[in-house]
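Each of the next two complexes has chain A plus one more chain, namely chain B in the first and chain C in the second.
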Partner chain A sequence: MMQHILTFIIFIPLFTAIVLGIMRASTKSLKIGAMFSSVITLFLVAVVAYNFNPDIGMQFTKNLPWIQNAGISYIIGVDYLSLVILLLIGLLMPPLYIYMYHEERKGYWYNMMLLQTGVTGAVLSLDLVLFYLFWETMLLPIFVMIGKYGNGMHQYNSMKILLMTILGSMSMLFSILYIGYIYFETTGMWSFALSDLAIIAFEPKTSIWLAAGFLLAFAIKIPLVGFHTWMAPAYGSAPTPAVVILSAIMAKLGIYGIWRFGYGLFESTLSYYAPTIIVLALIGLIYYAIRAITENNLRKMFAYSSGSHLSLIALGLFLTNIYAWSGSLYFIATHALASAGMFLMIGLTYKRFNTVHISDLGGIASKAPIFTFFFAFFALSIAGLPGTGGFVAELLIIIGAFKADFWIGVLTATTMLSAMMYIFWMLQRTLFGAANKECQYSDLTLREITILLPLVVLLLVTGIVPSLFIPLFEPQLTTTLQDVLFVIGGLK
Partner chain B sequence: MIEQLILALPMAIVVIGAFVLMLLSKSTRFNLDKLNLLAVLFLAIAFIMQYFTLGNHTIAFLFPDVFGESFILDDFSTIFDMMFTGGAILTLLVNNDYIKSRQYYSTEYFTLILFSVFGMIMLSHAHELVTAFIALEIASLSIYALAGYHKNNKVSSEAMMKYMVLGSMSSAFFMLGTALIYGVVGSTSLTEIALYTSSHTIDEMTLLIVGASFIMVTIMFKIGAVPFHSWVVDVYHGAPYPVTMFMASTFKIAIFAIALRLYLVNFAPINSFWTEMLQVITILTLLGGSWLAISQKLVKRMLAGSSIVHSGYLLIALSSIGLGSELAAPAIMFYLLAYFLSAVGSFGILSFISVHSKKQMSYEDFKGFAERRPYMALMMSIFMFSLAGFPSTIGFLGKFYIFSAAIESGQILLAGLGIMTAFISVYYYFKLIAMMYFYPSQTPQKKLTINVSTVLIAVMALLVIWGGIGTSLIPFIPGADGFIDIAKQAMSSLK
Partner chain C sequence: MISLIVVLPFLSALLMGVVYLSNTQKKRNTFYTLVGVGTPAVSAVLSLMAGAELLQGAQTIHYTLFQWVNIGEFNIEVAFMADRLSVVMVAFITVIGTLIHIYAAGYMKEDAAYGKFFAYFNLFMGSMLLLVLADNPIMMFVGWELVGLSSYLLIGFYHHDSANITAANKAFILNRVGDFGFIMAISLLFVSLEGNGFTFDSIEANIGLINHEMLALIGTLLFVGAMGKSAQIPLYVWLPDAMAGPTPVSALIHAATMVTAGVYMVARYSFLYGEIPNIGLFIASVGAASALFAALIASYQSDIKKILAYSTMSQLGYMFIAVGLGAYSSGIFHVFTHAFFKALLFMGAGAVIIALHHEQNIFKMGGLKKELKLVYITMFVATLAISGIPPFAGFFSKDAILVAAFASEHYFIWGVGSLTAMLTAFYMFRLLFLVFHAAPKSTHRLHSVPNSMTYPLVILACGSATAGFLGLNEAYGGGSWFNTFLALPDVSHHIPHATEYMLGGLNVILGVLGMGLAYKMFAKEATEVKADTLFKKILMNKFYIDELYDFLIIKPLLFTSHFIAKVIDPKIFDGFINLNVWGYTATATLFSKLQNGKVRYYALYILAGVSAMSCYMLFKLGVL
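Take a look at the complex of A and B:
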């Protein structure tokens, strides 16, 4: 059981979806099935986390031959990095299903289950082709959900996100194939296993464009500034559950990809790209924040806010020091929680007011205090309110930035300031003042509070006692960082 | 003698079947249904016999005392035969309803299909250039007639004229090439040609190279490579759905059977001469095909344009062979198999839809298709994924092998271009998926009819998925590995 546990975590949602699909299940049994699968997965994730040993690297690994002629194997495993995202996926799915409780369209549920398999698989796979498979698979449900259930110019926007993301993945595929070929040339065998490929020493020139293939895919997914044109339209059009997954999980997978495959395969080459990406991330940090200030659509505003914070995470990653790295990893988790909460709140806002435009909202605080509390809490935790996890993470990254360079530090620190700016202004216009449109609405129901409360608790716990979580990933994070620094240092 | 007869039986059954059907076609006792069944029966027997001759690992000539070395029998040809007969069986079964729904189908249709299958089988066995030419013409003439089957339809007649005139002219090149080669070698037997090419240097073989290049022109024409592509879209559009399906999936494979045999064995020593030419043609084919496919409004024409792109991928592998890639030859086989499955499936669905409507099936007509026919839409999506090379389908593995082979042979830019066109293809394939799923339907959901066509299409869809993710861990069922093993087996029997 224990050695197959990750396989179960990946495939239980897909399996449930297939079984329900073949049975032509009614919407009700579909809801129960989806819920059930997400709870079981959460339980299994909890088992993995409980048995996780922070002092060793890859654990729960499973290595099976898959397509032997091409050297593709089914290799999965979990380490500190994937555990964080795995926990997030496990934790977010049940609340999302509760949120979707009244959703009667069947396709929605099937897509969510397929999506869970896709993102989980991408996080856990350690074979490049397997990773590519899941990386593409997770795009499909998003494509369908935006295109079919979205709003606005959803058909156009879904095609846009599909094409831009696939452009990235195609370039990644090219690099993957070439790396496989280099391995074949040196050893006489085909293999795409990360552990096999990590030992190859690439020629500097080759490795620069190989890394570019990967970085393009990840930069589009994050998205770094310049690769971001899909972001605001897609976030604006996507239905709430899809947006939550997009910002909380899939954007993080871009960071994860750089962390796992970028630093796993070409440490030294990434230091060649580091200045470029740091500059892009700094520009993104500020540019997205400005866009967020001026944005009137709440979904798009938080899309830009999410872009800004992901640029911060990417920045932390490329600064390669222990503060920035711990901060980045911590921010992956806390930002996912906060943005999931925020986008859920925006979804609830839409349910009540039928709009997500700030100019149409206002005066909520006097009528719906509980709603106001949750809305403000998530918004502020995105801004990095002290006492929430985001604050700890941002602080760590900023410290790391100052350690790297004074001016980078200064620019990084502006993120807190600008976030406060757009968040407070937005809160003032949406929650307080007079209502811009009169309509009848109720405060949060008990079901809605149950969705949001776990997120609030987690954000507070991560903010107040970070020492609970840091030991989970610190030992291995330090080792990995030292390895990376050793390789980079060895070059200089 | 008896042994020889047994070996020749699969081919003989098809041609006997063709004659039997021709004789029965005027009988009033046999309607389309019965004749269809009979045709399938003949093909099925041939298919089963081919299956049992597979894996003998012997290379034999058929009736050497009569035909000399004209017909060869090896695993390579047998596997191709199985694809032809399989393709014909699928074409006949999937389109059964379509044929009955159109007035213009008469009983000769089956005869023509069987004759063209016979031509293709002969082509894959041909070990002599004149035989190959005759086989090619048998197959082509039947297809010309089939393409113009809807006599009263202008588009169909235009397709036939276009195809026949241009096709005959390209066949003339084949003949001219054969004559030139005969002038140099003194024989048209492939054995003699192989002996000659391996014992002379390139400088001594100018005339032979010219002749072989003429043969290549015919092959390029038949697979629709740019700049010999001008007929493809119009002919695929004009021909009735069953015929388009048959042309796109089966006939195209037949051309590769002879191309591979010539290119891998007989012209192997002079391959390098064509490399640059092939590369240029490949680039043109990939880009031109993509351009054609993007700019279409009818799904059928889009599939026709994209079939040019698929020829382009195959050409990448063909030029990789010339540069000494080990992977390339099995990659072509595998890709043909992958394309065969996906093309049969997607054209099958198109013809399934047009049973009940006389529309031209533009992208717009697919709006709301997923609501009307959810299962068909799902299967169509699977075929589109496979054609686009989306992972977890057999089409992805096909592209995976082709691009690996291209990288292995050092054609990195060509592999890059291939991946780029694969990216472009995502647009026109996913546009169809978007049309099917993202728009509401005007008419209510239709009940799923379970008949031969739908079951076969479902089986194709499952095969497409299984060929992409199938693991070989389950005993007795070949997974994705099994397909490439078959391809490798076929290639190893060539040398």
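Take a look at the complex of A and C:
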């Protein structure tokens, strides 16, 4: 059982979807089935986390030959890095399904299950072709959900995200194939396993182009400044569950990709790109935040907010020191929780008031106090308030930035100001002031509180007692970082 | 035990918050009063017990609750430290805090969100105590930010009026600008000391490892944090607006405790500031400028709470003069005495506002001397104290600061301080005379003021009258007990007692002068100030600092945001992408036109191709 557990975690949602599809299940059984599959995967993820040994690297690995002629294998495994994202996926799916309780369109549910398999597979794959496969798989449901169930200019926007993401994927695929070819040239065998390819010493010039292929895909996914114009339209048009996955999980996979494959394959080349990316990330941190100030659509505002914070995470990753790395990894988790909560609140706002435009809202605080509490809590945790996990992460990244360089530190510390610039004005116009609107101000129901409360508790626990979580990733993160620094230092 | 001082208020805030949210309609005032007022009282008892322990000669009490973060050398614990400095701070914060909580139980009793108020109020107490008792700079920063949050929540307590939220936002944002400096300072401090531990004790032990320039930078950035929290130039504009909150909030947060956190912080880092006296001088200058500046504005305000707010800023300026010049004990002593009389003044003002049905303009008040006798007497005591009339508390603490400035030969700062002292007496007695002496302006029946609001005033009045004796120095026949107990690394200068008497006497004369001027102008008849001269106009508009911020920061930010939304994103980034799309479509259109299925066109292409190839070959062969 234990050696197949990751396979189960990946494929249970897809399997459920296929079985239900063949049975032509009714909407009701579809809902029950999806819920059931998410709870089982959550349970299995919990088993993995419980048995996870933080002192060793890859574990629960499974290596099965797949397309032997081409050296493509089914290799999966989990380490400190993928565990964090795996936990997030496991934790977020059940609340999302509860949120979708009233959703009657079947395609919605099928797409969500496919999406779960896609993101889980991408985060657990250790074979480059397998990774590519899952990477593309997770794009499809998003494309359908925006295109079919979205709002606004949803078809145009879904096409935009598809084309821009595929542009990145294509360049990554090219790099993957070329790396496989180089491996064949040097060893006479085909392999796409990360552990095999990691030992190739590329020629510097080749390496720069190969790394660029990967970086383009990840830069678009994150997105870094300049690669971002798909972001706001897609977030604005996508239905809430898709936005939650986009911001909480998929954007993080861009970071994950650099972390796993970038630093796994070309450590030294990444240090060649580091100055560029650090500059882009610093620009992004401030640029998106300033753009968010005057945004009237809540979904788009928090799309920019997400971009700003993901730039910060990317920044931490490229600073390659222990504080910045730990901060980035911690931020992956805590930002996922906070942004999931925030986008769920925006979804609930839409359900109540039929709008997500700030100028149409106001005065909620005097009518719906519980709603106000949750809304403000998630907004403040995005602003990195102490007591929530985001603060710990931002503090670590700021310290790491000052360790790297004084001016990078100063610019990174502006994260203290950047989120605040849009959040407080938004809260004022959304929640406070006179309640003069004609819509129904109903407070949160028990079901809605059940969705949100676990996120609040987790944000508080990650903020107040981070020492509960840090030992899970700290030992191996330190080892990996030392390896990376050794390679970078060795070449200099 | 000392961890309970901090943890209890947080727990009770959580409890009240959950109970309140579970049913916001239900009135549970007895429960909220018991928990809300009881918790600070328990904290006060515990703080006094800790203080007693230290008085009996115990060493600094350390207590670690649990480990917070341990990554690399960054090993931070949720730990508390009760040394002499922090014990003095927590003692007066919890005692005065409890009194203000009792007062608030009366002030807020008709408010529907009574439970929410006490949840926020206890959240503030917990955060403030965390700030003071923190054992390392990170925990101090957490408390520092959380007091900012509670301040935000309480300023915006009456949230149906959007103007109050604007005030709350302003407070939080300007505080965060300060925090931006603060977090840079502690990050730099950590990076410079990496590997030597990060508690206040270990920082103090290793401060010598940091070079002088870095220390100066860290000291300056820390002070930026203090400027925000303690409302000094140029980050002060939030404090007057913060008066939008309920009056107990103004008394507790924006007068007695939170705003003094900056002074406390400088005293806490006295080992660092001792190394960089030039930065200290800068702090003292900012303090002196803020003191004078705020006193000038206060003399032309007509809102009772705003006068007190500017007065707070002015008094905080004094405290920064003290700590900047290395007279840390005198600074903390003024924090201590100021807490009594300023809390009292705000609470008295609150009683007046309630009695007059929420009137805040002092020119529309008057003649309350008889009806609000107890409030009048206690406020009179506080006004004497703040004006520096002996033997009331303010005289001794303010005198100590001015003597320190004079003794360290910073005569200009001393001069500004003395001038401000006169202005202080002037604007405070102006307020007192207008509210209690001048002819009544309205005939409305007064709203009743509950006992829970007046009794705390009496206790604070006793404090305002006598707290000064704790710090009586040799010249006045005391033993500087307060300073001796604190044992801070003060920079001491010796001056003859005769000079001290002379300086003290001068202060009294200036105070009486200001008082007399106020009596002459406002005790009988007074009309509201009009902005008839340029000077008055500038003062009444608070030197146009708000407008300046708007012009320099807010407008450009909004402009940039619009510019990104309208130009950079769609025209440049998307423009580039759409250009590619357009190129693709254009090429496709061109090709589909070429491939039109007509044989004569294809024949033409063949001809063109053959000619081109022939030309190329001939060229290669060298024929052409």
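Basically, the second predicted complex is superposed on the first by the 490 of 492 C-alpha atoms of A that agree within 3 Å, B and C clash if a C-alpha of one lies under 4 Å from a C-alpha of the other, contacts with A are read in each partner's own complex, and residues count from 1 in each chain.
To be clear about the criterion, contacts are C-beta pairs under 8 Å (C-beta built on N, C-alpha and C of every residue); 3 or more make two chains touch, one makes a residue touch a chain.
If you're wondering where the values come from, they're calculated on a predicted model, not measured in any experiment.
Judged by the touch definition given at the top, the superposed model places A:Phe174 against chain B, while chain C stays out of reach. By the touch criterion defined above, A:Tyr287 reaches chain C but does not reach chain B. Of the two partner chains placed by superposition, only chain C is touched by A:Trp425; chain B is not. Once the two complexes are overlaid on the shared chain, A:Tyr132 sits against chain B while remaining clear of chain C. Contact with chain C, but none with chain B, is seen for A:Thr414 once the two complexes are overlaid on the shared chain.
In the superposition on chain A, A:Ile98 makes contact with neither chain B nor chain C. Counting the residues of chain A that each partner touches, chain B and chain C differ, and the larger count belongs to C.
Chain A has no residue lying at the interface with chain B in one structure and with chain C in the other.
In the complex of the two chains, the chain B residues touching chain A come out as 390-392, 397, 400-401, 403-404, 407-408, 412, 415-416, 419-420, 422-423, 426-427, 430-431, 434, 437-439, 469, 471-473, 479-481, 484-485, 488. Those residues of chain A that touch chain B in the shared complex are 64-70, 74, 129, 132-133, 136-137, 143-144, 147-148, 154-155, 158-159, 162-163, 166-167, 170-171, 173-174, 177-178, 180-181, 184, 190. Remark: chain A residues 164, 226, 228-229, 287, 290-295, 322-323, 326, 363, 365-366, 369-370, 373, 380, 385-387, 391-392, 395-396, 398-399, 401-403, 406, 409-410, 413-414, 416-417, 420-421, 424-425, 427-428, 431-435, 465-467, 470, 474, 478 touch chain C in the complex. Chain C contributes residues 20-21, 24, 66-72, 74, 116, 138, 141-142, 145-146, 149, 156, 159-162, 165-166, 169, 172-173, 176-177, 179-180, 183-184, 187-188, 190-191, 194, 557-558, 560-562, 564-565, 569, 573-574, 577 to its touches with chain A in the complex.
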